[in-house]
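One structure is given below, represented as C-alpha cells, and several questions about it will come after.
To keep things simple, chains are lettered A, B and C as they appear, and every chain counts its residues starting from 1.
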Amino acid sequence: MIPLVDLLLDPLNYPFMVRGLLATLMVGVVCATVGTYMVLRGMAFFGDALSHAILPGVALGYLAGGSRGSLFWWGMGTAILTSMGIGALSKGARVKEDTAIGIIFAGMFALGIALISTVRSYTVDLAHFLFGDVLGVSGSDLVRMGIFGGLIVIAVLVFYKEFLVLSFDPTLASTLRLPVRFFEYALYLLIAIAIVVSLQTVGVALMVAMLITPAASASLLTRRLPVMMSLAAAIGALSGAIGLYLSYYINIASGAAIVLTCTAFFALAWLGRTIQRAIV
Amino acid sequence: MIQVSGQIIARFYRLAILLLAVSILLEACTPAATQSPAPGAVATRSIKVIATTTILGDIVKQIGKEAIELRILLPAGSDPHTFEPAPQDVIAVAEADLVIINGAGLEGFLERLLENAGATQVVSASDGVELLQMGDDLTGAADPHVWFNPLNVLIWTQNIERGLSDLDPANAEHYSANAEAYRAELHQLDAWIEEQVTLIPPANRKLVTDHRTFGYFADRYGFDQVGAVIPSSSAAAEPSAAALAALEDSIRELGVQAIFIGTTVAPNLAQRVATDTGVQLVTLYTDALTDPGGEAASYLELMRYDVSAIVEALK
Amino acid sequence: MIAKRLHKTGLIPQHAVHQPGSPLLELCAVSLRYNGRVALEAVSFQVNNGQRVAVVGPNGAGKSTLFKVIAGLLPATSGEVKVSGAGPGGHICIAYVPQRSQVDWEFPVVVNDVVMMGRIGKLGLLRWPRARDWDYVHHALEVVGLSHLANRQIGELSGGEQQRMFIARALAQEAELMLMDEPLTGLDLPSQEGIFEILDGLGQQGVTVLIAMHDLKLATDRFEQVMLLNRRLIGYGKPTDIFTPERLVAAYGGHLHLVGAGDELLALSDTCCDEATG
C-alpha cells in the first residue's frame, strides 16, 4: 500500500510539476473570484467569447516574431480591446448583447485562425493555445501570473461593495451616483486579465469552465456572497491540484482533467443540494 | 443597403468558385495521352512532378533535374505532421503528372487530398524500405522518418527513377544516370557518418529528441533512442505529466548530455526539460530543409549538419 | 485623501446642496420622448416635504418613467426637474424602490447586506462600513420591524417583508424623497397595513413619498394627495377632487368601467394586458 503522503509528494520531485501545481492553484483562485460575478450576472457566454477572441492577438504576436513573454502582452491587449468592444456594441441598443457577443466571438476567432494559417509552422502551438500547456509553465510565466492574479484579487476586494451594488441593483447604483459605466468596464477588464493569465493552464476551449463551474458549485452551497466567493476560490484551487495529480497518475491531458474535476465538484454540490431539499 | 451588397458579393463568389471547379474538372478529365510526348520523340515539355516534403523534393530534383517541373507541397520550415493543405494545393495535385510521397504514414493529410484532387499517378518513395516500429509502447504505427538512414534513401532513388521513367520513357537514360551519380554520393555520406560516429564514446550514444525522429539513424549507426519529449512520431501529440517525469528520470539515470530538437516544432516543453535536468539543448534539422543558402539546403547538407552537431554534443 | 483626488477627476460627482425654502420636488413642463413614442408630456407639479402622493394611472401611463426621470436615471427631453432647488443628478437622497418582480431574489445577500447597500453613497470609495453605518442599518430595520430577519437570505422573505426591507434601505440611505413602484401589489391586507404604518411614521419625519399604484380605492382611502397620470398630468390634488368621472375616463379610457351603485360611483379598473411600461 502506497501511503498517501508518497502519492502527494512523488510528483513534486519534478520542477515542472511544482510549477504546474502553483499555476493551477493561482488560476483556480483568480478565475473563481471574477467568476463569482460572472455567475451572478449571467456572463458565461461573454467569458467564453472573450477567451476565443484572444486568438488573433496571439497570432499577431507570432507573426511579429515575439517571445513567449510578449505573447502574453499581445493577448492582454486583444482581450482588453475585445471586452471594451463588446461593452460598447451592446450599449448601442441596435443589437442585443447576446448577439453582439456572438458576432465578435466568431469574427475574432476566425481572424485568429486565418492569421495562424499563414504561419505554416508552429501549428502545434495553436493546439497549446486551445487546450493548454500547463506542463510547459516557466518561472517567468509564474511570476506574471502571480502579479496580475494578485492585482485582480486586490481589485475585487477593494471595490467589493461597488461591484456588489452594481451586480445586485444597478438602479440603486445609479441613484447613488456611482460611476456605473466605469465599474462595468472595470469588471470586463478584470475578467479579460484573468483569462489571459489563466490561458496556459486549461487553454481557450475550456477556460469558461474555470471561470464558471467552481462559482456555480459555491452558489449551491451558500447564500452569502463573501462565503460564495471564498468557497469558489477554494474549489477552483482544489480542482486544479486534483486535476493535475490525476493527469500525472492516470495519464490524461491536464487541462481536461482539471475541468472534469471542477465539473465533478459541481455534480456533488448539486446532488447534495437536491438530497437536502428532499429530506427537509 | 449593406444587406443587398452582401448578397451580390456572395453571388459573385459562388460564381467564381463554380468557374474554378469547372476548370479543375476539365483539366482532370482530359486524358493524359494528349499531354505526354509521343513515344520515341524528345520531350516537348517537362513533366509536372509534385513531391510532398522538401527533403524528398531534393532527391527528386537530383534525379529529374531539368526534365521535370518540380513543385513541393510543404513550404520550407513547415511540419509534415500538422500540415493542412490549402485549396491551391488541391489544384496543384490535380494538375500534376506525378505525385511522389514519402510514404510510411508521414502524409496523414494525403488521402483526403487525393480524393479531392481526383486520380493522379502516385509513387511512394519508401516502398520496399524496411520499416521500424515506433517504440515499445506504440504498436502498429511505423516510424516515417526513414531518411535518417542514407541506405533507405538509396531505395528512394530506385523508386523515384522507376516512377519518372515510367511516365517519361524518353528521358529514362537521363534519370538513370542522375540516380547513379546520386547513389554514389549517398554511399559516401554513409561512410563519412560511420567515421564520425566513432568519435563518440559508445556510452554516450544516446539520443533524446523532441519527437521520435531518429529511429532509423539509431538503428543504422548504433545509437539508443532513450526518449522523446513527445513520445510519438507525430509532433502534434501531447505528452502526459507521467511521460515527462519518466523522461526526466531517464535523462538523469543514463547521464544523457543533450536534448536534440527540430526546427519545425515549438521548443517550449523541450526547453523546460533541458533547464530542469541541466542538459544542453541542441537544434537540428529533422523534417524539413532550410531555404537555399541556409545550413541544410539539401539532404546531404542536412545530414552532415545534424551528424556534426550530434557528434559535437555527445563526444 | 484618495477619495478627494477622485472627486476632482469628475469620476465621482459632488453631491448637491439642498436649497432651503424651495419645495422638495418640482417639475416644470417635463416631457420625455423615447424611441419615437411620447412617454411623458408637459408634466408640471410641486411636492412639499413630508407629503405622501399616490401616482395613479393605467399600465403604460408613464408612472415608472416619471419616477426614473425624477431620480435622475433618465434625462427628460425637455423641461426641468428640481429636487430641493437643484437637478436630480447631484443628489443621493432620492430612493427608488423597484417593483418586487424585477429583483433577483436568488442573489446571495441577506437583509443586512441589502440595507447596508443604501449607505454606499455616504461611505464613498475605498471605505468599509463602520459602527456608525451599522447603527443606521439597525435603526432602519427597527423602524420597519425586520430586526429579527436581519440575517435571512432575501429570497426567504415574504412579499411584505421584502417591501419593508427596501424601505429600510431607503432609510439607511437617509433618503428625503422616496419613489416606490407598485409596492402594495400582491400584498395581503395585514401586510399593506404594516407598510402604511411605516409610511405614516416617515411622513412625520418629513420624508416625502411618491407611490405608483393602480388601486383607486386604496388611493382614495389612504392618501391626501393623488396624481392622475396618463402621459399628461390629468389631475393633482385631493382624491375627491381628482377622481371625478370625466378625469377618470380621460385617464383610463377603455380600461375603466364606471358603474353607478346607489349614490356612489364604482370604478372598475382593468389591470390586465400590460402595455410596455416606461
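Just so it is clear, a contact is a pair of C-beta atoms (placed from the backbone, for glycine too) under 8 Å apart; a residue touches a chain by one contact, two chains touch by 3 or more.
These numbers were taken from a predicted model, which means no experiment stands behind them.
Asks: Is the way these chains touch best called a line, a ring, a star, complete, or other?
Replies: Shape of the chain contacts: a line, open at both ends.
Asks: Which chain's C-alpha centroid is most distant from that of chain C?
Replies: B
Asks: So what's the Cα centroid distance for chain A and chain C, whole Å?
Replies: 40
Asks: Taking each chain's centre as the mean position of its Cα atoms, how many Å separate chain B from chain C?
Replies: So the centroids are 77 Å from each other.
Asks: So in the complex, the part of chain A that touches chain C is made up of which residues?
Replies: 40, 158-159, 161-162, 164-165, 167-169, 171-172, 174-179, 182, 219, 222-225, 227-228
Asks: Touching residues of chain C toward chain A in the complex: what are they?
Replies: So the residues of chain C touching chain A come out as 11-13, 15, 71-73, 89-90, 92, 94-96, 98, 103-104, 107-110, 113-114, 117-118, 120-121, 123, 125-126, 128, 153, 155, 169, 173.
Asks: For chain B, which residues count as touching chain A in their complex?
Replies: On the chain B side, the touching residues are 74-75, 77-79, 82-84, 86, 235-236, 238-245, 248, 263-266, 268-269, 271-273, 276.
Asks: Enumerate the contact residues on chain A facing chain B in the complex.
Replies: The contact residues of chain A facing chain B are 11, 13-17, 20, 68, 117, 120-125, 127-128, 131, 133, 135-136, 138, 244, 247-249, 251-254.
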